[in-house]
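Next up: some structures, all given as C-alpha cells.
The following pair of complexes shares a single chain, chain A, combined with chain B in the former and chain C in the latter.
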Partner chain A sequence: MRRVTGALAIPVTVFVVLTALCSINGASLFGTDDSLLLLTRGVATTMLTAMALAINLNSGRFDFSLGAMATLSSVIGATVAIQTGSGIVVMGGITVAVGVALGAFSGLVYVLLGISPMVCSLGITLLYEGVSFAITGGANVSFLLDGGLTSFSKSPAAMAAVIAVGLLVVVLLFDQSRFGYDYRALITGQGPAVAAGIREKRNAVAAYAISGGLMGAVGLILASQMGYIEAGKLNFGSIGIMFTAFLPMFVGGFIGRYSNDKLGYLLGALCTTLLGLAFAALHLTSTVQSITNALLLVGFLLFLSNEDKLARLWRRVARRDRHTTGHLPPASPDVPAQPIVRTGATAS
Partner chain B sequence: MHDLIQRPLPGAQKRRAERASGRETLAALAPLGGLIALSIAFVLIGSARGINMAYSVETLVNQSVIIVIIATGAIFIFAMGSFDISLGASTLVAAMVGGLTYNATESLWAMLLACVATAVTASLISAALAAIFDLPVFVTTVAMLSVLGAVAVALVQTTGGAQIRVDSAFARSYDTLTVKFVVAAVFIVLCVFLFSVTRLGRVEKLIGGNPVTARLTGIPMKKTALAAFAIAGLGVGLGAFLTVLRTPTLTTSTAGDIGMNVLVAMVFGGMPISGGPRTRIYAALVGGLSMAVLNQTMTTLLASTSAGNGIAQVVRAVFFLAVVWVATSGHRGRLLPR
Partner chain C sequence: MKITRSTTLAALAALGLTLGTAACSSGTAAENDTAAAGTGGETVKMCVLVSDATSSEALGFKDYYTQYIQQNFDVEFVYSEELADADAEKRAMESFIANNCRAIISFASADRPAQIEMAESAGIYYSVATGTLTDEQYEMFKDYQYYVGAIGPSLDVELQAGYDMAKHFVDEGDTRFAIYGAGIPYYIDMHIYRTAGMLAALAEDPSTTYGGAKEFGDILGVIMRDGTIKVDQFASDVYELTGYQEVWDFDDSAWQANLAAVVSSKPDVILAAGTGFAVFGAAVSGTDIAIGDIDAYTDENAKAMEAGSLSYLAGKFTSSTGPIFAATLSAVQGHPIRGEGDTALALEQGYWVATSIDQFNEFLAADTIESPVYDQAALEPFIGTDVSYDDFAAFVSKYSFDELAG
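Moving on to the complex of A and B:
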C-alpha cells in the first residue's frame, strides 16, 4: 500500500492541482480535440529523453550529446527515406539503428580515450552537429508534404505504442538481463564490480548504445511531428532538447524508490506533459512557463536534498503533538526513514 | 631514518617514475603545443591563400577575447569541481540589462556597472541556492539557465520588439582592440593574482582535489564558493559589456553559444573538468586562443563550401578530443573516469 501511495502521490497531486487550477480559470486540461495526441506525444518524447539521460547520469556520466544524436540519426533516416521513396517504417528503423550506432560510437570514444565522460560528450556533440550540417549543407531536411512520414506523430495509438515498446525494452534490458545486473553493480560499486570480473567498458558502450537508440526514437518523433529537421545547429545548438528531461528524470527517480525507476520516468513524463497542457490551457506566456518550470525543478530538488531534515522536523512536530495530548514518547530513538529502494537519478 | 629518506629507487621503479614524470610533462605541455601548432598552421595556410593577416588577427582577437575573459573567471568555479552551465545565459541577460541601462542613461560607466552587477547577482543566486540548500551546483545552474532565458525574453519584450538596440555609433567608438586588451589584461592580472598569490586559489584547488579533507581542515566552503561565483560573475559582466559594444543589437540568441564555448576553451587549454590541484589559470587564455586560431584557419580553408561550417566543426571536435586525450594521458586509472 505504501508503495502504491508513494508511486502515485506526485502524479495524482499534479493532476488534481492542475485540473483545479484550470477549472478556477474556466479552462479545461483536455479542452482541445488533439489533447490525447499532445499527451501521448509529450509523454513519449519526455520519457524516452529522461531515460536516455538517466541511463548514463546514474553511472556518473553526463551526456551533452543527446540532442545531437537525435538530430543526426533523424537526418540520416529522413534522407534515406526521402531518397529511396520509402515510408515511415524504413525511416523509423534506420533512425533508431543509426541512433544505436551513434550512441555506441560515443561510448567507444569514451572508453578508448579514457577521458572524462562530460568532456567526451562535448567533443561528440560538436562532431555530430558538424556531421549533420555537412550532410545537409546547413539546410533543413524537409518532408512537410509527405503524409506517410508525418502521419506517425499524429497518431495517439502510434505514440502509445512507442511508450509501451520503449518502456518494455528498457525494463527488459536493465531489470531482466545480465547487462542490467552488471550495470547496477557498476553503479553501486565501480571498483569491486570490476574486480569481480564485470567488463566495465563493454557495459558502458552498451549503455551509450541504448541511450542513443532512445534518442533516435525521439529524433524520429520530433522530425515526424514538424515535417522537417533543423540540421544547421552548430556550436551546441542541439543541447536544449535534454533540458526538458531534467524535471521528469528527478521526479522519476523519486517515484522509482517506491516502484521501478522506469515506471517513475513514465509517470514523471506524464506530470511534465500535464503541466505543459495546463500552461497551454491557461494561456501562459513562454516566459512564465520557463520560470515556473525552473522553480519547480529547484523546488523539487530542494525537497530531495533536504528530505531527511524535513522528515526529522516532521517527527519532532508529531512527537510534540503527542506529548501535549498525553501520549507517551516513543521508546526507540529517532531513526531516519529509509527509502524503499535507493535508485534514481543523481547529479553532481 | 636517514636511510629511509635517502634510499635510491631500484632501477625499474626509477624508470617507471621517470616515464610517469615524462607523461605528466607532456600532458601539461599538450595544450600549449597545440596552440603553437595551430598558430603555425594558421600562418602557413593564411600566407598560402594570400589572406589579409592583419585583418585575420583582428578577427581572431574579437572571437577570443570575450571567451577568454569569461573562461578565466569561470576557472574559479571549475577549480572547486563545480560546474556552471548558465554562463552564456547570464552573459546575455547582463548584456541586455547593460544595453537598457545605456539607453536610459547614455553613460558608458553606468552600462559597465549594470552588466557587472547583473552578472554577479545572477552568479551569486546560483551559489547561494547551492550553498544554503545543499543543492548540486550543476543543477542550480541548469535551473538558472531556464530562468535567465525567460528573463532575457521578458527584457526584450520591454522594448516592444524582438531586440534591444544600443546606439551603434557609440558602440563602434568603444569596440576597439585597445578597450578589449585593457579590459582583458586588468581582469586576467586580477585573476592570476587571486588564484596564484592569495589563499583563495590554494583553497579552491584543495576543495576540488579533496572536499572532505578541505572541510575537515576548517576551510569555509560556503564563503569560498560565494567568492568563486562572484569572481566568475565579474568575468561574465565584463564579457557582457564587450558583447554590447561588439553586438549593439541584442536578441535572445545573442551569446547563445558562449556558455559551451567557454567550457570547451577551458578544457582545450588543459583545465581538468574535475578541478583540483591540476587546475591551470592560464587554461582559459591558451584554450580561447586555440579555438579562435582553429576557427580562423578552418574559415580560410572551407569558406567557399556549403558544408564548410559543418566540416570545420568536425575538425574542431577531433582536435578537441585529441588535445584532451594527450592532456589527460598521465592520469588514467584502471577504471573508467566518471
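Moving on to the complex of A and C:
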C-alpha cells in the first residue's frame, strides 16, 4: 500500500491540482479534440528522453549529445524516406537504427578516449550537429505535405504503442537481461563488479547504444509531428531537447523509489505532459511557462537535496505531537522508515 | 594493421575536421571556384549576420548572395551561425571584426543599435537587409560614417502587410481567426507591427477591440506592453480570435499542446506574422483551415499554395537583397551613397502579394537564383560610382512585380 501511495502521490496530486486550476479558470485540461493524442505523444517523447538521459546519468556519465542524436538520426531517416519515396516504416526503422549506431559510436569514443564523459559528449554533439548540417546544407528537411510521413505522430494508437514498446524494451534490457544485471552491478559498486569479471567498457557502449536508439525514436516522433527537421542547429543548438527531460527524470527517479524507476519515468513524463496541457488550456504566456517550469525544477531539486532534513523535522514535529497527546516517545532510535534505494537520477 | 588508440584518435580527428570544414564552408567562396570573377579588383570579405539559417526564405537569400552575387562581383560572403539572441549577435560581430570583414550585412534584429555601435567603433561598414530601423533609431545613427543604411520593408510597410492580409480574409467573409505571432515574445519589431496591423484590420468593425484599443497605435502599445497576444483581450460581436501561438520551443510539450489547441479551435484562417506554413503546415493538413502568411517566394510555399494550405502570401522575392548589397559594396570601394546632409540610407521595399497558385508561379519564375530581377546589369551602375542618392532611391522604389518583371 505504501508503495502504491508513494508511486501515485505525485501524478495524482499534479492531476488534481491542474484540473482544479483549469476549472477555476473556466478551462478544461482535456478540452481539445487532440487531447488524447497530445497526452500520448507528450508522454512518449518525454518518457523516452528521460530514460535515455537517465541511462547514462545513473552511471555518472552526463550526455549532452542526446538532442544531436535525435536530430541526426531523423535527418538520415527522413532523407532516405523522401529520396526513395518509401514510407514511415522505412523512415522509422532507419531512424532508430541510426540512433543505435550513433549512440554506440558515442560510447566507443568515450571508452577509447577515456576523457570526461561531459567533455566527450560535448565534442560528439558538435560532430553530430556538423554532420546534420553537412547533409542538409543547413536547410530544414521538410515533408510538410507528405501525409504518409506525418501521419505517424497524429495517431494516439501509434503513440501508445511507442510508449508500451519503449517501456517493455527498456524493462527487458535493464531488469531481465545479463546486460541489465551487469549495468546495475556497475552502478552500485564499480570496483567489485569489474573484479568479478563484468566488462564495464562493453556495458558502457551498450548503454550508450540503447540511449541512442531511444533518442532515434524521439527524433522520429518530433520529425513526423512537425513535418520538418531543423538541421541547421550548430554550436549546441540541439541540447534543448535533452533539457526538456530533466524535470520528468528527477520526478521519475523519485517515484521509482516506490516502484520501478522505468515506471517512474513514465509517470514523470505524464506529470510534465499534463503540465503542458494545463499551460495551453490556461493560455499562459511563454514567459510565465518558462518561469513556472524553472521554479518547479529548482523546487523539486531543493526538496531532493534536503529531504533527509525535512524527514527529521517531520519526525520531530510528530514526536512533539505525540508527547503533547500523552503518547510515549519511541523506544528505538530514529530510523528512516522507507527502505529506499535511490537511483542516480536524483539530486544527490 | 593493429588499431591503436592513436590510430583511432587520428581517424576521429580527421573525420571531425573534414565534417567541420564541410559544415562551415557552406557560405564562403571556398566552394565556388569562379568566385571573384567580377571587375578584377580586390575581393571584399562581407560578413552576414542571420537570425534564421534554415527557413526556405533565409536559404533563398543566402543562395542569391553565395551563388549569384559571389560569382558576378569581387566579393566573398561569410555567414554567421543562426543567432538566437542579442548576446549571440554580439559574439558574431566580435568574430567578424576579428576576421577582417570589410562590411557586415545584418539579417539579425535582436539588438541592432549594439551592432551599429560595434561596427562604427571597428570602422566596418554595416547595413540592414530586409528591414529598417525605427524612426528613433534612425535619428540616432543616421550620421554614423560606417552605417550604410537599411533597405527593406519599413515598419509602416509591415503594418500595412498585416492589415492587408487580415482585410483580404475579412472581405472573403471569414470571421474566425487564429494568429501566429512568430517572434513577438522576442520583441521582433516586424512581427509585432504585422500582428498589430492584423488586429487593426479586425478592429475596423465597430464592436471589435483589442485590449480596449481600436486604433493601430493603441493596439501596438498593448502588444508592446504585454510582449505577447492575449486571446482574452480580444472583444468582438462579429469576429472571434480562437487561438494564438508564438515561437519559443518547438520541442516543448506545452508549445505542442498550444499549437494543437489553436488548430482544434477550428479557425477559418490562421493569420501568420511569418513562417506560418512551416509551423502549421503539418498540423492543418486535412482540415479546412487556411493559412495567410508573410514570408517569401519559395518552392515550399508554392507547393503549399497548390495544396490549398496556403491561400495568401505577402512575400519577399529572393533577390530583394540586391540593392543593399550594391550600396554596401560601393561604400567599401569608397563611394558611399548618402542622403541629404550626409545621412545613411533608409529606403523602403514592399511585398509581392499572391492569392492564387498561378500568380505565385508567375512571381516565382520571374526571380530565380540563375536569373534574378536584381542581376549584375541592374546593380553594377550603383557600385563604385558617385551615384546620387535620388537616383538610387528611385531605383529601389521600383520594387513591384510589374515594375521589375511584369
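As a convention for this text, the second predicted complex is superposed on the first by the 341 of 348 C-alpha atoms of A that agree within 3 Å, B and C clash if a C-alpha of one lies under 4 Å from a C-alpha of the other, contacts with A are read in each partner's own complex, and residues count from 1 in each chain.
As a working rule, contacts are C-beta pairs under 8 Å (C-beta built on N, C-alpha and C of every residue); 3 or more make two chains touch, one makes a residue touch a chain.
Not measured: the values here are computed from a predicted model.
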Practice task
Check the residue A:Gly138 against both partner chains and state whether it touches chain B (first), chain C (second), both, or neither.
Solution key: both
Exercise for the section: Examine A:Val109 and indicate which partner it touches, taking first as chain B and second as chain C; both and neither are also allowed. Expected result: both
Practice task
Could you say whether A:Val119 touches chain B, chain C, both of them, or neither, answering first, second, both or neither?
Solution key: first
Practice task
May I ask you to decide whether A:Leu301 touches chain B, chain C, both, or neither, giving the answer as first, second, both or neither?
Solution key: first
Exercise for the section: For A:Val90, select first, second, both or neither according to whether it touches chain B, chain C, the two together, or no partner. Expected result: neither
Practice task
Could you look at A:Arg61 and tell me whether it touches chain B, chain C, both or neither (first, second, both, neither)?
Solution key: first
Exercise for the section: Kindly classify A:Val169 by the partners it touches after superposition: chain B alone (first), chain C alone (second), both, or neither? Expected result: neither
Exercise for the section: Based on the superposed arrangement, let me know which partner A:Gly276 touches: chain B (first), chain C (second), both, or neither? Expected result: second
Practice task
Pick one for A:Phe236: touches chain B only (first), chain C only (second), both, or neither.
Solution key: first
Problem - Footprint overlap on chain A, comparing chain B with chain C - result: 109, 113, 123, 126-127, 129-131, 133-134, 137-138, 234-235, 237, 286-287, 289-290
Exercise for the section: Quick one: which bits of chain A touch chain C in the complex? Just the residue numbers, please. Expected result: 31-34, 37-38, 41-42, 45-46, 109, 112-113, 123, 126-127, 129-131, 133-134, 137-140, 142, 144-145, 147, 150, 222, 225-228, 230-235, 237, 240-241, 244, 272-273, 275-277, 279-281, 283, 285-287, 289-290
Practice task
Write out the stretch or stretches of chain B touching chain A in their complex.
Solution key: 83, 129, 133-136, 138-140, 142-147, 149-151, 153-154, 157, 256-257, 259-261, 263-264, 267, 272-274, 306-307, 309-318, 320-321, 324-325, 328, 332, 334-338
Practice task
Would you mind writing out the residues of chain A in touch with chain B in their complex?
Solution key: 59-62, 64, 109-111, 113-120, 122-127, 129-135, 137-138, 190-191, 194, 200-201, 204, 234-237, 239, 243, 246, 286-291, 293-295, 297-298, 301-302, 305-306, 347-348
Problem - Residues of chain C that touch chain A when the two form their complex - result: 5, 8-9, 12, 15-16, 19-20, 22-23, 26, 53-56, 59, 81-82, 84, 185, 226-228, 230-232, 244, 246, 248-258, 260-261, 263-265, 277-279, 281-282, 285-286, 300, 303-304, 307, 309
